[in-house]
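Dropping the structure in here first, questions after.
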């Protein structure tokens, strides 16, 4: 089943290898950006080239260094990982284009540094996706934390400084204080850290220990933004918007969610969690996060901050779906990684496009902006629909599976939570669209007609919005991958 | 009480070395003057030397230089019990040399400190450092 | 020639140190090449020795041709060999890295400086390879004396710091000597292997326990183990950078090596395991060292002093690991000797580079350094990540074993202290990075209006290449060591962990 | 501080005293130290090294490696003192004092002259100069050669009587120091220049290590003097005896030079212009 | 070895040690330290450690004292304790 191949390694390293070239080309921005594009293209091709093998039910892997017995530095591509890698590498291309428009449009400083760390962050993301064991995943997880720090604090002003502190405090603090010891304890008990469909902890730990470990992991991977370790995410919104778009809608937060996915599916295993009834506990923690985050989002005026709280809620959908431990629910959760990514990145990019074109950050200032930027706001509408989970967008499909999963798990209460939260989502997104299109513009200049700003800033959201729509009609290969992945957990 | 008297008498060298060592240690920690500390350090080191030399002592032994007569290495077999244990002496030659070397470096440092602070009292030096 | 490696490791640098001294009087320009030659011989022969030990097993070398216990022998197993290779390579790299600083700061005293430098390394190497308890003392004194002189060379408070170090160091060395004397009086031998044999029937005697305690207190003083650390921060904080980046990484590590050697090869683990109360006490001291080192480091406003306090905390890691009394923790302690040497070297060398350019390492001097010295700061960041314990940097792996050791022993205080220390390191280093990253224009502007390129232009002023390349080598070494952890533990460390450990 | 010191002292003292109870009695001929390693030295010294002074044979042969480093320690101390103290800039004193040798007239200049007057005409004397005591000076001048002779004897006769390189070296060094004390530092420096002390201290240790390395080159182990027998054209036991003699000479040289070096730097704060 | 001499010298040694640390004048301390070293040397000669005694006489009582005197002369004789 396991095919040895160097492709996963190349897929991880290609963006890392781009860094020296980006630095070399720092004096010629065009050359520098083409390096980014080339790397992104190669990365997508490499990831896509793994698709046929994985679709055929095989796993692709490589062991890099036997650093710790039972926990080597190793990569392995399975359906879960490939799904995630596919999402992040395809969105990297779009975001790169967007970054160029955004950064040049605002004439940001230190663009070379920005693109370097962006590339490193992408490497780390793919690394997490392809990790064969918990140790490797932890390595890339930390690498991602560190690579995003300069991106979050890109503006180098006091606000960025305090946000950077918060970011580090939550992300590094939890991973060192909770995830690391949990990982070592797990290793101590089992002698291995390799992800396996049956879990590695089954029969090796006491129920109490299992519960403690599970929550240490869930809060330890704070990137998943479960309340109360969520507040780094709104703080991180000081970053330039492409960073928020790719990293805080896709890469970083999904790495958190994906880590929890691995913990649930690869370390604990469905049977153990079911046996100890821990799934429901996690599901309720996630449900709490969903509701609370949605309520907070309602009260936010900063567009990016509202999106951030929305993200916190949506991440918990993923966790919730996985914690249901029912095949449909897990499929939905996994699928939501992809679907939410396309939707939320659209929204973030729209927010950035608005900022580039008009300099507005707050929702209250965007009245009537639909006249000025109709395409951008159209993309925003599609993104909103996808995040709310309405047809004809990809978000509907994952929500549908999640709802089915709730029923399959026999928990009507959670279904209610889902529905309520969808209403809340609608309540905090649709008024924005309404305000943009149907209220008269407050700024006189906006009435004059269309002016969307640089094309590189508003075309990418349209592309991702189109993807969101397309995913409703053709959810492959993501649906297939999610189903395969979940099927492997439930014994084929 | 009775049983302590032989204990005291048979090991009095050791008691004195401990006393000397503690005097030296106390001086190194408690004295304020740097040169006094160095004197204490030397006393401390000599105390250890005294201890080692005491290990080597042997009732009925003579100094560790073999009395050789006419023949070259062919006289009557030498009995170990007749001579004092030479090994501690050898070790202590080293220790003495080390102590004088340490003394030299310490005094060099003291002169360097005095050059800068014009005093050898530790509290006065610290006072000066706090002010600057 | 290969059978002479153990002697060459020490004799090569010794002879070259003497030649350096002669050259210093006659042809000062030859000093550096000769010093390089000496350390080059040491590095190559210690590497050869390591290879030899790994393939053929432990090597015993009789100096003067006399059999132990009458003569002095070098007994080299994996542990000595790997530490010797480590010491010689770090010292050699630092020699290359520091020559510019030495040339500019002490142009008239190149000869004596390099003489002492090479002698210091000779002493450390000698301590590492020797199998004789008293010989170790003599070499310890060589290293110490050179250390006092090199540290006292610095300006400002350095002489006073050095004198304090001298007092405490002398007490430490004398205690060690006294401990050896106690061992001698109860056994009559000085050879480590012979001592181990003779001590077995004496377990439980008060004299033996006292000997153990005194020896250890002496060694702890030399390695600045809390609460005997008082000399270290000033000494390393005020030392000239070339000396600081030699002594800070190596001196404490060599002393920890000696402690482990004394524990496993002289007193043997059976004895140590029988003194449960003592072990417990020491591990709690180590916990205190980690916590106190971290907290004291938080109070510093100078990079070098902060690093010095981190060294105090790191000593706690190793001592604690050695005393937890199981194989995993001991593996962690030994692994951490290697890793910590390289990472301390990396950060101190980076501090040296910064000093070379800014002439100061106080926090105010660090502003805008990411713009000014990007490579140096990258290397510092690598060192910082290693100290925090982020994989794949080597610091993570030793921490991994130490935490596992702590878990195995059920010592939650130790585990907690390790994690606490990691978190404190995050704070410590990111505080530095914040200053260097967010405060780009200290002089002139208030340093508060955002963008670096718009504020006062910060010119690129990187350290000279001769410092930068060794620094990069050290930084890459951190990753290389991390990735090589598997073979390192498997091939080198595990075979020497005594079977008696649980 | 005093209370802390007292506490430490009481603690350590208590530990040491309690441990001493377990020790063998002082002077006990049946103690482990007297029975284990040392008997071999006593019984075999003559046979194996042909040196009657067992301390010398153990020092320079059985444990010769220790002694080499012991010499290195001394050398290190000398270099360390030099490194810490030596400085080239002249004393910022208020004046320079010279004595015209022929007439004995003393000249004081308010600042240092551009060119130093010829030393054979004008002798520079210390600014806190007081006329030396003629008797002390002459007695010392007479004594010094004998002291040096004795020092050489101690080095050379270390095989058969107490003494050896260290003691002899210190005596030789002391003779130079005596010269510096009774005359002045400059006179001593003329007899033994700074470069000479520096070189001699290094060369002394080099002789020791070099003899060892020669043995290594001859195919023996380091410091195995018996391996020198072919070049010395004697039997191995005599070669050991001779090897001990060579290294003692090296030790003497190194120790003498280093003692002088340390004294000069200490006594003149590193300026080497005027002593005590 | 005559234990009476041994004991007497030991007591003298102790007195000298305390004296060297107690006097207020550093030059006095240096001289008393020289005396201490010399008594030590006698003690070792009594114990039969002739080589050690010889070394102590030349190094401890001789050169060390000279070093002390030189250093004290170059710095200050004053001592508060």
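Quick notes on this one:
In this document, chain identifiers A, B, C, D and E correspond to the written order of the chains, with residue numbering beginning at 1 in each.
Operating definition for what follows: a contact is a pair of C-beta atoms (placed from the backbone, for glycine too) under 8 Å apart; a residue touches a chain by one contact, two chains touch by 3 or more.
In this text the structure is predicted, and so the values were computed from the model without any measurement.
Taken together, subunit B and subunit C share the touching chains D. The chain occupying the central position, as judged from C-alpha centroids, is C.
Chain centre most remote from that of subunit D: A (centre = mean of CA atoms).
A comparison of the D-E and B-D interfaces places the larger number of contacting C-beta pairs at B-D. With respect to subunit B, maximal separation of chain centres occurs for A (centres as means of Cα atoms). With centres set at the average Cα position, the gap from subunit A to subunit D is 74 Å.
Averaged C-alpha coordinates give centres for subunit C and subunit E that are 37 Å from one another.
The centroid of the Cα atoms in subunit C and the matching centroid in subunit D are 32 Å apart.
Centre-to-centre spacing of subunit B and subunit E amounts to 11 Å, using the average Cα coordinate of each chain. Residue positions 12-13, 21, 25, 54-57, 59, 61, 63-65, 87-91, 93-94, 97-98, 100-102, 104-105, 107-112 of subunit B each touch two or more of the other chains. The set of subunit D residues touching two or more other chains comprises 16, 20-21, 23, 27, 31, 33-34, 37-38, 41, 53, 55, 59, 63, 66, 70, 73, 76-77, 80, 84, 162, 166, 262, 266, 269. Annotation for subunit E: residues touching 2 or more other chains are 1, 50-51, 55, 59, 63, 67, 70-71, 74. All chain pairs in contact, by the document's touch criterion: A-C, B-C, B-D, B-E, C-D, D-E.
For subunit B in complex with subunit C, the residues that touch the partner chain are 21, 25, 28, 34, 37, 41, 44-45, 48, 51-52, 55, 87-88, 91, 94-95, 98, 101-102, 105-106, 108-110, 112-113, 116, 125, 129.
Listing the residues of subunit C that touch subunit A in their complex gives 385, 388-392, 397, 400, 403-404, 407-408, 415, 419, 422-423, 426, 430, 434, 437-438, 440, 448-454, 482-487, 490. Residue ranges on subunit D touching subunit C, taken from their complex, read 15-16, 18-24, 31-38, 40-41, 61-66, 69-70, 72-73, 75-77, 79-80, 82-84, 86, 88, 195, 198-199, 201-203, 205-206, 209-210, 212-213, 216, 220-227. Against subunit C, the residues of subunit A that register as touching in their complex are 64-69, 72-73, 109-110, 135, 138-139, 142-143, 146, 150, 153, 155-158, 160-161, 164-165, 168, 172-173, 176-177, 180-181, 184-185, 187-188. Contact residues of subunit E toward subunit B in the complex are 1, 6-7, 10, 13-14, 17-18, 20-21, 26, 29-30, 33, 36-37, 40, 43-44, 47-52, 55-56, 59-60, 63-64, 67-68, 70-72, 74-76, 78-81.
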